[in-house]
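As written, the chains take the letters A, B, C and D, and residue 1 is the first residue of each chain.
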Amino acid sequence: MPQTFHRSTNTLSKLSIFGALFLVVGSLFAIAEINRSGYVTQAGIAREQPVPFSHQHHVGGMGLDCRYCHATVETSATAGVPPTKTCMNCHSQIWSQSPTLEPVRASFRTGVSIEWTRVHDLPDFAYFNHSAHVNKGVGCTTCHGPVDRMPLMWQYASLQMEWCLDCHRRPEKYVRPKEEVFSVSWQPPPDQLEQGRALVRAYGIQTRTSCSTCHR
Amino acid sequence: MSAGPDVPAVRVDLGGVRRRLDGAQGRTYWRSLEELARTPEFLEFLHREFPAQASELDDPRGRREFLTVMGASLALAGLVGCTKQPDEKIVPYVQPPEQAVPGRPLFYATAMLDRGYAKGILVESHLGRPTKIEGNPDHPASLGATDAAGQAWVLGLYDPDRSQTLAYRGEIRAWSDFLAAMRSALAVQKPRQGVGLRILTETITSPTLAAQLAEILGDLPSAKWHQWEPAGGASAAPQCRFDQADVILSLDADFVMDGPASLRYAREYTARRKRPAEEPMNRLYVVEPTPSATGMIADHRLPLRPSEIEGFARAVAAALGESAPPAGSSPAAAWAAAVAKDLQAHAGRSLVLAGHYQPPAVHALAQEINQRLGNVGQTVVYGPPVAARPVDGPASLAELAADMKAGRVEVLVILGSNPAYTAPADLAFAAAMDKVKLRVHLGLYEDETAALCHWHVPQAHPLEAWSDARAFDGTATIMQPLIAPLYESARSAHEVLAALTSRPDRKGHDIVKDFWRKELGADFDRRWPRALHDGVVAGWTVATATTPATATDTAGPGTAPSPPVAAVTPPATGGGLELVFRPDPYIGDGRYANLGWLQELPRPVTKLTWDNAALIAPATAARRGLANNDVVELRYRGRTVKAPVWTLPGQAEETVTVHLGYGRTRAGRVGNGAGFDASAIRTSDAPWAGSGLEAARTGETQVLASTQEHWSIDAEAGTRHIIRSVTVDEYAKEPEAIKEQTEIPPRDMTLYPNNTFAPHAWGMSIDLNSCVGCNACVVACVAENNIPVVGREQVAKGREMHWLRVDRYFSGNPEQAETIRAHFQPLPCMQCENAPCEQVCPVAATVHSDEGLNDQVYNRCIGTRYCSNNCPYKVRRFNFLLFQDWSTPTLKLQRNPDVSVRSRGVMEKCTYCVQRIEHARITAHNEGREIRDGEVQTACQSVCPTQAIVFGDINDPGSRVSRRKAQHRDYALLAELNTRPRTTYLAEVRNPNPELSASAAAEGSEHHG
Amino acid sequence: MVERPDGEPPVVHVPHPEMHALLAPGHNFATVTEKISSLVLQKGTPLWWFAGFGVSFAVMNLMLVSIAYLVFKGVGIWGENIPVGWAFDILNFVWWIGIGHAGTLISAILLLLRQEWRTSINRFAEAMTLFAVACAGVYPALHTGRPWLDYWLFPYPNTMGLWPNFRSPLIWDVFAVSTYATVSALFWFIGLIPDFATLRDRTTSRFAAHVYGMLAMGWRGSARHWHNYDTAYLLLAGLATPLVISVHTVVSFDFAVGIIPGWHATIFPPYFVAGAIYAGFAMVLTLAIPLRKLYGLEDFITTRHLENMGKVMLATGLIVAYGYMMEVFAGWYSGNPYEAFMIKNRMLGPYQHFYWALIVCNVISPQFLWIKNVRTSTVGLFICAMFTNVGMWLERFVIVVTSLHRDFLPSSWGMYHPTFWDWSTYIGTIGLFFTLFFLFVRFMPVISIFEMRTIVPGAEVREETAS
Amino acid sequence: MTAKAAGPPPIWGLMAEFEGPTEVVEAARRAHDEGYRKVDAYTPYPIEELAEALGHHHSWLPLLVLLGGIAGCLAGYGLQYWSAVIAYPLNIGGRPIHSWPAFIVPTFETTILFAAGTAVLGMLALNGLPEPYHPVFNVPQFARASKDRFFLVIKSRDPKFDQDRTWSFLLSLGPRSVSEVDY
């Protein structure tokens, strides 16, 4: 009886069994990683805008308060993207001839809105409310990152559910004094956890992980 | 025997019914006679009721087909695109509007119209999109509630089938062209005093419109203004004060659901039934030919043929020592006597009222009786008419038709009315219109009349235009637009009328504002914004606006009762059936036929959707060998129409009731082809009832989609203690008896730790004694929660999506129609603490919140339907196909932005309006406080005219809901299953008259739980 | 013993007599091997195979079409509604899973019980099990509203931080059915290894030699291999036995854990398991009887095999009948109005004829198996088996649909009417089943060759040599 | 083909072919008594006596399977406890967070799954499978090892192995044939 297979097939076939196992496990792990990567979440990717608005310049440089433009952040679900009028308050005087600002002036002239590209885009079935967070000591930079160092805006956090849950489960890790909410320079103190717990008590923060908190 | 190809007719074996009822112990509830009779045909019928094939393949409604295809593509998109979201744009304002805060809705006060009368509403607006209508608490005709039609108004605004362009003979024209045409027409009429000009409107209470009409008729004295209100004018109705009335006799008046004052009346009437043990209850007698919500919840109800009602009224009057001849011939003399006695005993605190569809004679008798009892000024007020010029609609229309036939009409301007469809057949109105040289129509739709007119002007929806209107009690409301007209060629009646004046091109805003500037005089600038804000014009009474009542005004205020006109209700010519016309309870005279919300809303008593039917008493049907789904030919005064039969317990013997508003041909994609056109056999001399009807079987059958006929029911309901109803005496004797009807497992009898809920524990209490089954809550829920319309075929399959349904159980003996009662039970999600649905969900898509809500997470649901199978209340609804409309742009504008729009393949259900809870919570916490009791109102609660539904925090013993649940008549549905529902019911308590023990005995079964 | 004078075969001591009934006389290692392996290795394929395969394959494509349309339109193409949220999908799932019990049961339990008669039927019974489970698997996967999200049923670390609800019987199903499928497949494959070796050595085609060679993994029948092999096979049998019992128990939990009258019954697990074995053996007979005829395997699958299976059907059939009896009794004895009505509704309600047909198929028809003539006649057995196949389907219909369509609140009672797509999907899975089965009988030994060798006369080592 | 004794090149072993089970078992015993230890036998179906005769008695497999089962049990219950109690505790239908009775079912299934997996992989591992190439396949007669022939092999690795002496020893066992097995 002649050999059907060559010697080498022994090693190959043995390898193939374990190889298959590694392949499966490996690919699953890879998928999990990709789903959390910036490629999917868009986190850390600066987005092109019709007007290259720089938070770095306006916030970091000139120290504008967040609420000057995002006026409804304390009262409404949405922080509010400023109307062209707000831009023109200053830019009718400053840089009033700058070509980069032409789209703004054009919008103001024609009454046609500027179409900004949305940077932070939650799914439609997740109901986030800015006022609820801002009024309970969750700072802007906690979720939006160091905007004062962002020439073009990018998404800071993954905005995935596990990320939301992290804070909803242990808010003391992130809350800050209300007066610091809009500060871009605030850094968590070394004893953040103690201070955090105190603030959670003071502000009556509930660790709400019920589904209907966000999904309705 | 008529057996259709697919649907067999069902024979009712009344013998069987009798036997079963004799055998039945205790109260028997049943929903369908076939079930009661247990005929084999019924079982057969159950099988083949809806021939099962892949009906989606040949779905008659093209839109649905298209949508489901859309759905599939979305689904596939879901398959591939499960990682990245597509880029979205943010489009901010250029100039920020005042007030508007993105993400926070605003409420504006205006009014909806019912037969021309105002019912105050508050419209919720998200960044300029009206999305939801609430009642205006400050308005006398609303008190914070709205009716079903009111809820659907916002859908009417966004109806994609609305007429969108101004057209002359079907070709698009500009507004200026229209004005030119009017100018030239007027040029002809002016010298001749407008002798050839006719204006046809519906009932008008708008002071501004009245003034405009007065101006025009002033300029053109020979021109004529005709009015036609197909659903029946309410001009003859007095103002009632049910809160003052201990004993009420309704002569065919469906006051809790029908009419400009129904919301207020329902509130006042049920207010006297909310604490049966503690406070004296009122007592209601109803005499009517066809079961209405009012009749079905009455303490005593006597079904009479239309021709007998006047006799009955006379009998009562006679018993009260009235001079009128004693009507011994009346079939219900004894009944009348007992009622009269009861009325007499409560003289000054009793109330007799006649329905809209009763002839003047009955109204007059009611007025006489009230005067005799000294009720006038106490429980009822006969004030000056509110309508600008009350007329006898049919007569007015007949006069116009005659003029047209005679060629006396050269210019006909029709404002908002649709006579080509609604006019009684004997007027041959459409044919007569041909004789008119210039026909102008203003309407929301390019309807049957528009098709016959030269000019069609798309009407601006009342939510798009400035106007005003008055409520049943005369209170005026300024109607302000919520949104600029969706279609720019749309105009309001004010603007079209202006075209007939010297100043043709005025904006509605100016017309209305100028009128009120005159009316409000000096401090206009203070009162105008106030009136807009409040929704009522404070301290204003009509002065000059209305033109004096004319001869055609029949049952005007205080006018002496005119003798019964034979023509109005001809005496029953023996043998034939009597025919009763009624506007449909939801789509009215057909004006709302294209609103899917209303088409799909189960009718209060029949639970029919998408169709009207010939309603016949079971015995009458049996005598004629008729059964459900038999198509009969109704022969009446030489005209015929084909109608499917629906046997209805409680219907007066030998009568047939047909509802108007169906059989539309140009209503739109939704309304076309639904039901049959009853006005095809309607005559102008007897618009509401007549005798000499023949019903001949055709052998055809037609399936009617009833949400509770195909959900058939039998006497089981009684043994399961679903509805609990006692008399006030029984309740006073042993209040505990209601709870003890079933055995409830004690809370500590469990292996599990009892969960505690903090800071709040939401709960609901529904008072069955207050619910009148009007279904307003269902539409409110649909509007609030973006619930899709599924269409007749899907309803027939048992796939309606209503989160909240109102179950209707009959009690009584179908043999004795006077014993028949309906019991209404609104059924939202019970929010069980031990929810059976949650445990079985494999992906934890339905779980409990920390405040005891039974959350349903649409985006987690994969649609195994296990939860629905395991729900003992069957309140869960599943998107079997793509029911939601993802394609029509205008419909998207209506959606509530705070509620996820569900797509195909997910389960959904009542959430206690969690979006409202969260909104209130965030508002409260932002203000640094806790949520106040009553701050969260569910959609069903806020719309309910009778406040049957109360929602709140059961952790707080002082909250309204806690106090309700503390009542002895509080009970939980299926509590024996230990599901611990958060929604509980207050049992029904009735207040029968011992005098009428005879019929009470017939109802006897009612008196043991 | 008698010394063997010349080359004639040794005199063999006769083991317990019925051994003969398990294998027709005159067979030896060679004949057994040749006969069975030739079914696979023969050139030319019989015509009936092409006919059967063609039909099955066509029907299977009907299923594929139905599935495509289902994914395209949604489960609404089926007749389900509220209240009847489950119908053909789940009842067919349970039906198939039930059928899929005989194989592992025969292989495992009968092996542990040392029932030698299993050897000639276990192979294709196991195959049938796998194919039935495959058909069953189609339903839970597709009955969901959003099948493309079914992977949420598995516990895996996800960005939502969410996990399945392990309290749900459906999750138990996921674990039970997937485990059952895996273990049955392993069991089946292990059993095949030595036979693959045989085919590898028998075949003349180089290609086949490579394919079977790979599958045989270099099996050469070394004593040490056989030693571990036997141990492993026995262990697997020991593991598969509780598994096969557990699977249908878990399936029955889908209903027993619910609160719906007609579902919420403690009797369910035992009588579901019994029902499964009942259905499984019925299907084995349904396949075995034609198969032995077509392939002329009467020598290997003898009357005694068939009769034994008939006996098993009779026994399990009686257990099932007892289950029905207890349901009725409980309905009455509980004094619970809902339970009482449920029974009444089954017997007299709109679906009554389903119930009575079920009684005829599952309770009356097996009684004929008391008669030996029926048990030993292929026709009689085949008819009984067909009745059982239908009856078990009806049982699931009664349990799923009739219980759901009228539960607690009469206001929400409804009816269920299967649509074209309900039927096409169901029939389609039958097509899938037979497609796989025809492929199996063509390319793999339908009877375990090496196990047949063990019952060939002369297979046992003569004890005398020991001394 | 009965090859005569030849010197090196070295071979893998010598193979004797027998008619039936009894003969090969007998031969195996004799070889064992003779002191040969690197002996293996090849049969078309399992023969218990053969294993004893060749002196391999117990197998590690049962122990492995037991360990596999325990691992599956712990993994299954651990996963459920962690996800339901620690990772995301939810109030589901008022049931306790740690609903251990419900967790039993999946635990049982994972136990079986792991144990069965171990049994199969363990068997393959202990048998050194897959091994498609093997010297014994070089012997033409060996094709019948999967049909109706029984073989005994004494490997050249055996310390007592001497091509000539072993050859004659095998012949003395009365086989149908004896052949060399090349590498």
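In this section, contacts are C-beta pairs under 8 Å (C-beta built on N, C-alpha and C of every residue); 3 or more make two chains touch, one makes a residue touch a chain.
Note that the structure is predicted; figures quoted are calculated from it, not measured.
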Response to the item:
Top of the farthest list for chain B, CA-centroid basis, is D
Worksheet item: Higher C-beta contact count, A-C or C-D?
Response: C-D
Discussion item. Based only on mean CA positions, could you tell me how far chain A sits from chain C in angstrom?
Written reply: 53
Practice prompt. Compute the distance, rounded to whole Å, between the mean C-alpha positions of chain C and chain D.
Written response: 30
Discussion item. Averaging over Cα atoms per chain, report the distance between chain B and chain D in Å.
Written reply: 81
Worksheet item: Distance-wise, how many Å sit between the C-alpha centres of chain B and chain C, to the nearest whole number?
Response: 58
Worksheet item: chain A: which residues touch two or more other chains?
Response: 1, 4-5, 10, 13, 35, 165
Discussion item. Counting only residues that touch at least two other chains, what does the list for chain B look like?
Written reply: 836, 839, 841, 844, 847-850, 860
Worksheet entry | Touching two or more other chains - residue numbers and ranges from chain C | 160-165, 167, 171, 200-201, 213-214, 217-218
Worksheet entry | Residues on chain D engaged by chain B in the complex (per definition of touch) | 90-96
Item to complete: Report the residues of chain B in contact with chain A in the complex, numbered from low to high.
Response: 83-85, 87-96, 101-104, 759, 847-851, 853, 855, 857-860, 898-901, 911, 914-915, 917-918, 922, 925-926
Worksheet item: Which residues of chain A touch chain C in their complex?
Response: 1, 4-5, 10, 13, 28, 32, 35-36, 158, 160-162, 165
Fill in: Complex interface listing, chain A residues touching chain D
1-10, 13-14, 17, 165, 209
Response to the item:
In the complex, chain C touches chain A at residues 156-162, 200-201, 206, 209-210, 213-214, 217-218
